[in-house]
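Both complexes below contain subunit A, partnered by subunit B and then by subunit C.
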Partner chain A sequence: MRRLLTGFNLLMIAYVVAPIVLVVWMSFTPSMRFEVPLGAFSLRWYRELFSYDAFIDSAILSLRLGLVAALVATAVGFLAAYGVVRGRPPGSGALVALFTAPLIVPAVVYGIAVLQFTNLVGLYGSFTALLLAHVVIVLPFAMRTLQATLEGHGPELEWAAMSLGARRRHAVLLVTVPLCLRGMVSAFLFCFLISFSEVTVTLFMTGPAHQTLPVRIFNYVSDRIDPTMAAVSSLIVLVSVALVLVLNRLGALGNLRK
Partner chain B sequence: MAAATRGERAPAGLEAASLVKRFGGTAAVDGIDVAVRPGEFFTVLGPSGCGKTTFLRLVAGILSPDAGRIAIGGADVTRAPIWARRIGLVFQNYALFPHLTVAQNVAFGLAMQKVPRAERAPRVARALQTVRLEGYEKRKPAELSGGQQQRVALARAIVIEPDLLLLDEPLSNLDARLREDMRSELADLQRRVGITTVLVTHDIHEAFALSDRVAVMRSGKVEQIGAPTELYERPASRFVAGFLGPVNEWPGRVAALDGGTAEIAVDGLRPCRVAAGAGWRVGDAVALVLRPERVRLDPAGDDPAGPVGRIDQVAHLGNLVNYRIALADRAVLAQTAPGRTRALALGAAVAVAWDDADLAAVAS
Partner chain C sequence: MTTAPVTAAAPRAALGARLGGGVWLFLGPAIVLMAAAYLAPLFDTAVISFHPNTPSGIDRGHWILGNYARLIDDYYWSVLVRTLRVSVIITLFSVALAYPVAVWLAGLGPRGQTWAILVYMSPWFVNTVVKSFGWTLILGNNGLINNGLRSLGLIDAPVRLMLNETGIVIGLLPGHFLFVLLPLWAALKGLDGNLRWAAMTLGARPRQVFLRVTVPLTLPALLAGAIINFTMNMAAFAAPALLGGTRTRVLSFIAYQVNLEELNWPFGGALAVALLVVTLGFVMAAQAAARTR
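Here is the complex of A and B:
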């Protein structure tokens, strides 16, 4: 029974990981076709990738978008989480539900809605529109992480600081924020990761001007298929794995499961 | 020393009048009137859930009262924010800033109060000296023991020379031995610094050992305020009598009134004479309370000193012996030093005696 279970687990892991391993493997092929290289390895498609400006532009856009969206979401998420955890206003449950709603609303629905909305207010196709949409999408992750962090640090420290003459904002800046730094870094990285790999909503938001990296890949493969895709996918996997490892070290993955 | 830490400021008093705080439908603090004298060590004592912590938080400004008035040093602070109240707060869990060193923790308040930089170091050093923690300046709170952390918390609170020191169960997280050490240290410190102090605790020994006066709280109200011995010897209610330690409680009736003295009839015992309460009339129900250590036990002879009962439980506590005596249909508790009454064994017939002066009468 135990052996059967182990076998099943290995099968599941292989099922999840094998395609990724294959893509990474294929990215080193010297051939023109999508195939697993045996014997001969080459960095040809990486060179190809870096000489293709559109990909570089998209990568920079994705990076910029991810960083700014993560920064805004972490800041807004901290304020929202602080208000909910410390203030316990009436209806705080509804507020939390509102802030975390993007997790539940289907991405396609949100994509269409935000497309209509940005069109209406004349922001469609702008970086601002894309940024706002991404902030909404990643906010739940910031909110959850920071809520858990704040709940872990009771209000006594702030009370102590305020009894010593600190205004609330000083107590928060000098005591709460330093103590929540770990949680804030986790929230930031999380948001970046989610934003960096978001496709569905972004597809609705991007005109020709603002194609993020995942969208660029998506459009590219609807045209033709060559191993450049494998190379760029490998790089994205590398970045994601690195971030997840950092997050795990920060203990943030546990917070999200709560 | 006192002058060094308190500067020229005279100690301030605390006044709370008709203080009310409700959470949802229930009043956690339900009309409290308390006047703490300048320089006094005042304790609010009560079982958990009696509203004592809520009271402290109202005084600190952490919570805002639904009704009533709070004044510190004569100034109304009912609506003042916590940072404007000039209070020192010490919590059960110490609440030290874990990312700052001991010296930085103590200096925090000085920085917040914009004390010139040059003055801070000597004042921090003096405060740490007051709590006997010289040499620990560079440590982080996590590197200190519980008692040391609590002393840092005290130093941090007194260094800003607050008008009022508020202590919320400050010794409850310490183990028994350390708690006693810290208790006497706290008493010394308070006397030396001369700061008006309000302690909140559920620990009777802590309250009695430290306080000039104690307020006993129950369900959001103050049951009685007085010096520890007064509360213990002359409880105003059955609750106070029972909360402060084991007690014999004898329900009776006023049989006669003679000037300031009342004669109380208790079934199965001799009539007892106590000071009459205000408004008592003949026939009123009154309960007499008597501490076990005030009960005298003598082997029953031919001429017993009081009603005779039979010992039905003996518990040796080392320096004390507790007895339970079956007398008529009631159980009488007695406590004596061992040795003196060695003849008193389980099942022995004993005469139960007491001085009426040791009785306290409470409304039943």
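Here is the complex of A and C:
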């Protein structure tokens, strides 16, 4: 019975990872067409990548957007998580529901709303609008991670600092933040990962001026199959896998499973 | 995970310095951000969906229900039915596949479980566009499967595996399967092993133990996961767009066309609101199901 289950799961794992493996495999194929029996190994498509200016621009945009959005979301998320965990104000349940709503509300719905709203307020196609939308999308991940972190570090050390004369803001900055550093790093990396992978909202709201890497690939893959695309995709896979391994090491993935 | 610290912190909070009104300074930035960049756009879209679309723009002077009435036109109705059909099929597959995977996972050692879960999670953290691109390499007319079958001489014309509903189901399943698997796996791990042992000492065979003890006790978790899975299937955009193609359109793809190609925002807004209402309805049902656990 156990052997049967293992066999089934190996098949299932093969199914689950197949597209990812294939993309990476194709990026090392020397020929233009994707051929099944892999004879030779080539880095040709990775070299060719650097002649696609559009991809370089998109990569830089994705990195910049991801880093700034993660930074803002971690800061805003830390403050909010601190307020909820330490303050427990009336209605904090509803507030947490609001801050984590982007996990539940479909990205398509938010994408449409942001498209229409940015036009209304004259921010359509701006980096500011893109950044704000990404902060909103990644905020739930910062909230979840930092709430768990703050619940794990009781307020006693803050009280000790305050009883010795520290103001609240000094206690938070000098005691709580260093204590929660691991959680803050997790939150930051998590937010970056989510922003870096985001397609739907970005696709709905951006004009041609701001195509992030996934959006650029989406628009490209719709017309043709090109091994250069496989090279870009493999680099994205590399970044995502590296981030997830670090997050797993930091113990941050458990927060996702509630 | 959240309940224990709450009860423990409550008496302590009285001892220490209270945050008091200062709490709003901490919550302020997040509230302002969510009000301005989240609630306001959603609210505006809901408002727009009740206005008529005219050649000169949205007529904010008139209120109508026509955009919602259009949702049940033959064409949009058929798209809705297709979206529902594809979503239900993916959910049924996910549920059917979840037990063998969760039972296998729960039987692994702690280290093995961590790694196996990471592998099963990989479709979630690898970009949808990248995965869909990978599926086109496998399922396309010149893809791995068709080339393989052709070189074996089994087929003459390529088998159509994508740009139809099959492609959408194959492509979406791995990423969304996870949302059934994780709650089920957690429920299985939380199950009191004595219950199964007790059933066996009373003469139940492994099959009976599974069907009459394990399944009933993990059913709420399975149901909650299945509903989340279903709402994600309903709202998925990038993978259905790339794997379903222009002929097999789902609701979210229509929403894209209406908003970005036809620029009919009132109707596009109605599509968004409809999708939101359906999703929230199912999520609330899932939460109710989880509470009965």
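Here, the second predicted complex is superposed on the first by the 254 of 258 C-alpha atoms of A that agree within 3 Å, B and C clash if a C-alpha of one lies under 4 Å from a C-alpha of the other, contacts with A are read in each partner's own complex, and residues count from 1 in each chain.
Just so it is clear, a residue touches a chain if its C-beta (ideal position, glycine included) is under 8 Å from a C-beta of that chain, and two chains touch if they have at least 3 such contacts.
Being a predicted model, the structure only gives us computed values, none of them experimental.
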{"item": "First, second, both or neither for A:F127, with subunit B first and subunit C second", "value": "neither"}
{"item": "Which of subunit B and subunit C A:P178 touches, first, second, both or neither", "value": "first"}
{"item": "Which superposed partner A:H170 touches (first subunit B, second subunit C, both, neither)", "value": "first"}
{"item": "Partner chain in contact with A:W159 - subunit B first, subunit C second, else both or neither", "value": "both"}
{"item": "Subunit B versus subunit C as contact partner of A:F50, first or second or both or neither", "value": "neither"}
{"item": "Partner chain in contact with A:L22 - subunit B first, subunit C second, else both or neither", "value": "second"}
{"item": "Touch count on subunit A, higher of subunit B and subunit C", "value": "C"}
{"item": "Partner chain in contact with A:V199 - subunit B first, subunit C second, else both or neither", "value": "second"}
{"item": "Shared contact residues on subunit A - subunit B and subunit C", "value": "154, 156, 159, 162"}
{"item": "For the subunit A and subunit B complex, residues of the former touching the latter", "value": "154, 156-157, 159-167, 170, 174-175, 178-179"}
{"item": "Subunit A residues within the subunit C interface of the complex", "value": "1-2, 5-6, 8-9, 12-13, 15-23, 26, 33-36, 75-77, 79-80, 82-89, 95, 98-99, 101-102, 104-118, 120, 132-133, 135-136, 139, 147-148, 151-152, 154-156, 158-159, 162, 168, 193, 196-197, 199-200, 203-204, 214, 217-218, 221-222, 225, 229-230, 233, 236-237, 240-241, 243-244, 248, 253, 257-258"}
{"item": "Residues of subunit C that touch subunit A when the two form their complex", "value": "1-2, 5, 9, 12-13, 15-17, 19-20, 22-31, 33-34, 36-42, 44-45, 48, 97, 100-101, 103-104, 107, 114, 116, 118-123, 125-138, 140, 142-144, 147-148, 151, 171, 174, 177, 182, 186, 206, 231, 234-235, 237-238, 241-242, 252, 255-256, 259-260, 265, 268-269, 271-273, 275-276, 279-280, 283"}
{"item": "Partner subunit A, residues of subunit B touching it in the complex", "value": "60, 62, 81-83, 85, 87-89, 91, 93, 95-99, 108-109, 112-113, 153, 156-157, 160, 162, 166"}
